[in-house]
Amino acid sequence: MSDLKQTASGGQPASGCPADEARIGVYICHCGGNISDHVDVEAVRERMEKMPGVTVSRTNMFMCSDPGQESIMEDLKSGLVNRVVVASCAPSLHETTFRAAIARAGGNPYQYEHANIREQVSWVHHGAPATDKATRLISAAAGKARLLTPLTPIRVEAQRRALVIGGGVAGMRAALDLAAQGVRTDLIELSPYLGGGLARLDKLAPHGEDAAGIVRELAGNILSDPLITTHCQARLTAFGGYVGKFSVEISPASRTARAQEAAPGAFVPGKGVLGPAQAPGAPERFDAGAVVMATGFSSYAPQKGEYGFGDNAEAVTLPRFIEELKNAQTAPDGMLRLGSRPVRSLAIIHCVGSRQIPGVHEEGPSGHLNEHCSRTCCAASINAALTVRKTFPATRVYELYRDIRTYGRGQEEMYAEASAEKVTFLRFDVESPPEVVRVNGQYPLEVRVRDELTFGENLELPVDLVVLATGMEPAPIRDLIDMLKLPVGADRFLLETHPKLRPVELPVAGVYLAGTCQAPMDAGEAANAASSAAAKAGALLRRGFVELDPFVAEVDPARCKGTGACVDACLNEGALRLQETEIGGEKVMRAVVTPALCLGCGACAAVCPEGAINVSGWTLEQYEAMVDMILSEAAFAVTADESVSASPEPAEAAV
Amino acid sequence: MSAVNPAFLDELEAYGENAGALCFNCGTCAAVCPLDGGHFPRKMIRYAQIGAVDRIREESRELWRCLHCGLCTQTCPRGANPGEVILTLKRLFAAEWRKS
Amino acid sequence: MGTRTSAKAQGTILILATESCAYPGADSVGQAHSSYPANAYILKVKAPVLFPERFYIDCFRKGVSGIIIMSCGEECPYEGAYKALAKRVDAIYALMKEHGIDIRRLRLTAICTVCNRAFLNEVNQMNAIVQELGPPVFDQAAEA
Amino acid sequence: MDAQREYAREYAFDAVVIGGGIAGLQSALDLADQGYKTAVVEKDASIGGKMIRLSKVFPTLDCASCITTPKMAAAAHHENITLFTYCDVNEAKRENGRVEVRITQRPRYVDMDKCIGCRKCEYACPVLVPDAEQGGFSGRKAIRIPFSNAIPQKAVLDVANCMLCGKCASVCPTGAVVYGQKPESFVIKADTAVLATGFELNSRLDKPQYGLGQIPNVIDAMQMERLLAPHGPYGRVLRPSDGKVPDSIAYVQCAGSRDASMGVSYCSRVCCMYAIKQAMLLSGALPLADITIYYMDIRAFGKNYEQFYQNAKAMGIEFVKAKAAWLDAGENGSVAVRYEDQLEGGAATREHDLAVLSMGMLPGWSPRGVCPVDVAGDGFLKTLRPKTNPSLTTLEGVFTAGTAAGPKDIVDTITEAGGAAMEAAKHLLSRQTGGVSLREADHE
Amino acid sequence: MYEPKDIIAILANNVRKTMSPFGIPKSMVNGWWKEESLPRNGETLLVTGLMYQLVPFIETATTWLARYEDAKWAEYLPYSRFVPPRLSGLGLAMITPAEAKRKAAGHLKNIVKAMRASGRRFGYQPELDEYSGILLYDLGDQEGFVRHAKRVAARLKGAGVTSIVTVDPHTTYALKVLYPKYADASFEVRAYFEDLNLSGAHAGETLSIHDPCFYGRYLELSGASRKALGNLGYACADARRSGLFTSCCGGPAESISPKLASRIGAKRVEALGGSGERIVTMCPICLHNLEKAGADVTDLSTVLAGGLKTA
Amino acid sequence: MTNNPTNAILSKEALKALREERKEWIAAASAASRESRKALKAVRERLAQSSASIPEIAASTGLPPDKALWLVATMKKFGEIAEQELDDGYYRYALIAKDVEDAPDQAE
């Protein structure tokens, strides 16, 4: 693996004694009395001095101060010490400070161990037990330090090339942002068009941006960017590798219908901008350093009979209605006409295929319930209603909702405007949903609803049209999920590592999330996620390499017997595998670590019957040494007499 | 069951600037109304929104219990001016009576 | 006398505290100056799934009186590690029974960065157990 | 007003982030990770913003501190990030294509380089003042570390409550207390800026119907966060009037949002979810308590939010569809909630031991007179292209993240912060390469 | 409760015929000014709108009506046939006690006293002082109200009036807000207590103010009354529901349901009387209804005039 | 990140000038401090007898219950008081015997 340089300059296996004799320096901080008021710092220093492997032990009023750090650096430079133990406050505060000091003095920052004697000793224990505990903790740190080998961060060469899967607003935004950072980007899209779900919309809620205009602009930028290669009607057919070097195979997708009359680059209403099709024939293969998933969503397809859908031509979905509304001409009588059919009144039913409740809703053909809220439909419905009322004031609109979720900026105001425009809102409980009934009256359909706003009365709404505000479902990307080994949540959307810590990242390092493949969101939210993903991927690729913690598993080839126990225990698939090796003319299986994929958890170390695998910097031997030192009386043996005389109130003694 | 007739709001607008379209039925007005108890005045506003004019007519005497104190208007979170809606409805019936 | 035998007399409690949750949690207890038994020693670990069964048994053999594994619980940054750990702990309990060691000497718990109260509870409870049980004694029969 | 101020120092950075809350920190981290030298300017004595003050966060219920502290620490230790805390921004403008921020750092009366955060001064100080960090429910000293997980862990002296008795200085092991410290003014010049100025909770004074702070045991949601937090004032949830363990708790939704009578007509986006979250935490802490949420619409729109809401319902939390109209003091310290029972009965009153007002968000900062960036009608920063580049403000090279441009939950904030960092990075790149920025194309 | 249709019919008929809701000749209602020597002209014209003067008649009428409110046949009786002889016009005037009328006149005299002490120069022309028509507006008789308002406004305009000082909230609201909107007549209208400059020292005495809905909420004048009292050295204890959020005294329900009026009045008195202070208000209807509910309530004018004595 | 290069301990004159400048603040803080010391003392004396709930502390000290709770919460924060068992809807609190220096107003 030439591109993976796990450099351990000591070159020592994880076990056994390091080649260079350990010369440990122990540096104990008074912390201006915070430690020394309760821990007899001088007594501890004397004890440490006599510990095996310790060549020097010093104290300082403030070890983190410049003079404190200087004393450490001088000892390193003079060769007096080659391993450092600092006993002071919590490592979260100053571990990096001291590691940096060691590096400045030319030492290896990983030959360092920290003993926490403030937060975990002097602030919680008093008197002799505090001094005792500090002694044992510092001894333990020294015990570990003896076994520390020099480490360097793992460098993984990174291809300055990214793959974006999906050509909707999220995919396009991500590709443009990657390209802007100088990253060569391949965007693949299954359909012939760029634009995704956005291309089907009209004026966007609540500010009225023109969806087609946005799609045109983004696609135009994509197609003219020299760093972006667009592959429409293309599929990912093979995937492997790891962060920095994913191997990718793109094949032409089976042909779907495309607008014959449109030229590449042209906008086709309701579909998007026609993009360059993947050339038929052999698959295209290349390496990419990072991948952005932007595979978008599918619109929920109502079941036959759901609110009259399928049984009545007058029941349509909201996306369909928005498309028809786009083309509707204003009439002198102010009434909406779909085709030649006048629409005197229409009802929009919310939460169709969203917020489904087990026991109340029936599972669809997918065998799943959509328990999630689709987030965008309330605003989209009200936006459509408002458009109707303003453009076709003779047409009446009813909105039947469970909760109005106009959460976004300007959306609540839009809801108020719709009210002012006399859209009639009715609220139903999920347990008694509205019914759509065909009637032989003046109107073809009647919506019957138990309206909670009218004290639970049953109301009848005569309508010419029923619009179902269908929600978002995950797009059918089973193949990608399997190929990239992506985690999926209970809602079947792709599952991020952590919604707040790492919202656009996946456990697979180097693969990012953008847009509605993760959860329902609107265009702006998808754009944010895409930019965020592009920032993360860009930071990774722009340097040309990825630097990873050196705390990864390491195999001792001398001990490994190739049992494969570690491979079974490994939590991150691909981090460990068995590889055929020739040893003494004999072909044997040996465990091999892919450091770029190793998380450093140590699950492997626990199960190896030979003790042949360990996590660098956190080895089992080191822990065993620490336990031994905590239990050891060695530190006390020499100074036992003095320690007896240690004041029971070391507070005075220390200042 | 009663059929809904949103056109009633348009008719009502002839009797006042505010016919209650803005109301989002939060119930603040009914809760603060000193007439205590019941759904008044939201009930009337809701009936107006759905055009249940017969219901309003049936219960029209309720309208004249209103003290015109304005607390509902002061506290309405949507600026729907419930007090003015009640007054508008009073005007509608008063005008009808005058004609008859 | 003095510091020499104090910890020994109390029995040593070992706490394996995860780097991202329980260890900063213990620091948080320190910041609040909340006292707990001084015989509790905290070791920082990336993930406790690192330790094999024998590590625990060896610890008891060396004289550790009680061990608390303070993990991140289900929020563990290493996916699947908690499950593996929970399974491992079951196996250790079985071994402990074999060796005649009271299984109350080992506890698996989840502690977050600000779980001061829970941390103190765990340590105090373990200390009470350790005081009650005294130093670990291995069943000679099982040893043989 | 700025003329007489002396700006003694000048610092140059690639990027400057105004606001050290979760949005600002995330933007700064993303910029710093791309190799840009970034300054973070924070008005408080600690970074971490509102999030570090929360108990647990929805919908995962993991503790806020556990998620915020790592980001705070990462920013504090990042080689490309410099933190400036306790700072006021006097002016932020564009000058010769760069952003120039004029800043005054308020005196902490403590030498930052010397203070080791040991809190000896805090223990020694004899003055007790209501601790705003704890919702006012407990006392703090005039000199103190702002709160337990503050970064930097450095003391601050509140001179307005200081007797100048000298006790803190006499116990300080490093001689860090500086009673005569003066404000310091300096200039930060950077190629780009991210405004992450956050939000403030709106005041309950804006809704006199809810008690004007006169009714005991009516608290706001941030105060409840403190009661629920592990480092909270009581260490558990008690009624502030007398320490009773509450048996019945009411949540008043939209107490500071969707209310034209308060002048806040927008939805604050997070209150439904935080109320449900708190209700869930409460039912864990007080298993016998009845919890009622008075609401108009439950807005559980984010990922896994709806499922969270349905779980809360299944746990027995009661949801009453009505806007609480009026709160009054009831018997024995209880709070009487007046509302309309919409399905039956009509106007009704229910008594609870404790009522929590789900206050909404107001902009945390007004650029008026400070920075020539536009605000929208709602008072939050105006964004130019909300659907494709949501973090673009009306000022070239200046971007926004998080609640500075409208209410947002933490998930959306963090994602947007990443987006803002991307836009800022693109701006930096276009300046370096002399390319035409998106903005310039826009302005033509 | 009475049939609104009939009440409106009576009132509208009375106003149309006599410009007064009860059909009592103005000469019998408005006589208080005869004992005061008031100039006819001044910077502003005092317009009482007759509300203080009419209250004693309302009181009589409602006391009488209350007896019948719950009678089964009340709803079916066409009021117009038997009520007018007793409950409006001369009949009503006859049975209304003189003491009540004197008390009402006393408030107006106190107002004059306070204004004079403040050096306000105002005129009074009894023939221009008309009922505003506000009750018709409140009852929804928009047509009747507009017609009446236009008549009243025309007279005022005809007399060249531009600036008016009023004494009660209903008239103030009508002249200030409704007349410009519906009668095409804009005057500069101020309540009498807005421009007083009395001073005194009543330190230690605290008054509980009941803001009339129109003053507290519609016209946002609750600060002015408190200021006038504050200048005299009184402290004001505000009930939780005051100012913009003041709570109705129940008075407006009198003409439709005296029972409702007294129920609401009782609630209001309870809310105000919590701290035991003397209740002060500045509206004849509030005054009457709170009194009826058993409160020790004083008109603002009494306090202002009384304050003068000790100053 | 910046600080004035001022000495920690000011000269007597400088301190005097500062005292003069902050006169009003100092006076207010001193008054408040006296007040809270008195209240703390009362709470301490009550708890020295036995553990007590907030209503009990309020009743015997004459402090309003919300103020009593505030003081107890503060004393708890500085390690002077520990919470005990729940007693009919109210927790009881007790003094902890501890290093005197940790008390919130240990001096004077």
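By written order: A, B, C, D, E and F. Residues from 1 in each chain.
Everything that follows uses one rule, which is that a residue touches a chain if its C-beta (ideal position, glycine included) is under 8 Å from a C-beta of that chain, and two chains touch if they have at least 3 such contacts.
Being a predicted model, the structure only gives us computed values, none of them experimental.
Q: Moving only between chains that touch, what is the shortest number of steps from subunit D to subunit F?
A: The distance in steps between these two chains is 1.
Q: Please identify each chain that touches subunit D as well as subunit E.
A: Where subunit D and subunit E share a partner, that partner set is B.
Q: If you average the C-alpha positions per chain, which one ends up nearest the average over all of them?
A: Per-chain C-alpha centroids ranked by distance to the global centroid put D first.
Q: Which chain has its C-alpha centre farthest away from the C-alpha centre of subunit C?
A: In terms of C-alpha centroids, the chain at the greatest distance from subunit C is E.
Q: Which chain lies the greatest distance away from subunit A when centres are computed from Cα atoms alone?
A: E
Q: Skim through the chains and flag the pair connected by the most C-beta pairs in contact.
A: A-D
Q: Cα centroid separation between subunit B and subunit D, in whole Å?
A: Once rounded, the distance between the two centres reads 41 Å.
Q: Taking the mean of the CA coordinates per chain, how far is subunit C from subunit D in Å?
A: The answer is 38 Å.
Q: Can you check how far apart subunit C and subunit E are, centre to centre, with Cα atoms defining each centre and the answer in Å?
A: Taking the mean C-alpha position of each chain, the two centres sit 81 Å apart.
Q: Starting from the mean Cα coordinates of subunit B and subunit E, work out the distance between those two points in Å.
A: 27
Q: Find every residue in subunit B that makes contact with two or more other chains and list them.
A: Touching at least two other chains: 24-25, 39, 43, 74-75, 78.
Q: Could you pull out the residues of subunit A that touch at least 2 other chains?
A: Correct list: 92, 126, 404, 416, 427, 453, 455.
Q: Can you tell me which residues of subunit E touch two or more of the remaining chains?
A: Answer for subunit E, listing residues that touch two or more other chains: 244-245.
Q: Can you name the residues of subunit A that touch subunit C in the complex?
A: Touching subunit C: residues 90-92, 116, 118-120, 123-126, 128-133, 135-137, 140, 487, 507, 551, 569, 571-572, 599-603, 605-607, 615, 618, 620, 623-624, 626-628, 630-631, 633, 636, 640, 643-646 of subunit A.
Q: In the complex formed with subunit F, which residues of subunit D make contact?
A: Residues in contact with subunit F: 9, 82-84, 105, 107, 111-114, 123-124, 126-130, 134, 137-142, 159-164, 167, 169, 172, 175-182, 184, 186, 216, 233-236, 238, 240-245, 247.
Q: Can you list the residues on subunit F that touch subunit D in the complex?
A: For this pair, the touching residues of subunit F are 1-4, 6-10, 14-15, 18-19, 22, 25-26, 28-30, 32-33, 36-37, 40, 53-55, 58, 65-66, 68-74, 76-78, 83, 86, 89-91, 101-102, 104-108.
Q: Okay, in this complex, where on subunit A does subunit D touch?
A: My answer: residues 31-34, 61-62, 64, 89, 92-93, 96, 169, 173, 177, 180-182, 204, 207, 209, 214, 217-218, 354-355, 357, 371-373, 375, 403-413, 416, 427, 452-453, 455-456, 489-491, 493, 498-501, 503-504, 518-520, 522-525, 527-536, 538-539, 542-543.
Q: So in the complex, the part of subunit C that touches subunit D is made up of which residues?
A: Touch residues, subunit C against subunit D: 20-21, 24, 28, 31-32, 75, 112-117.
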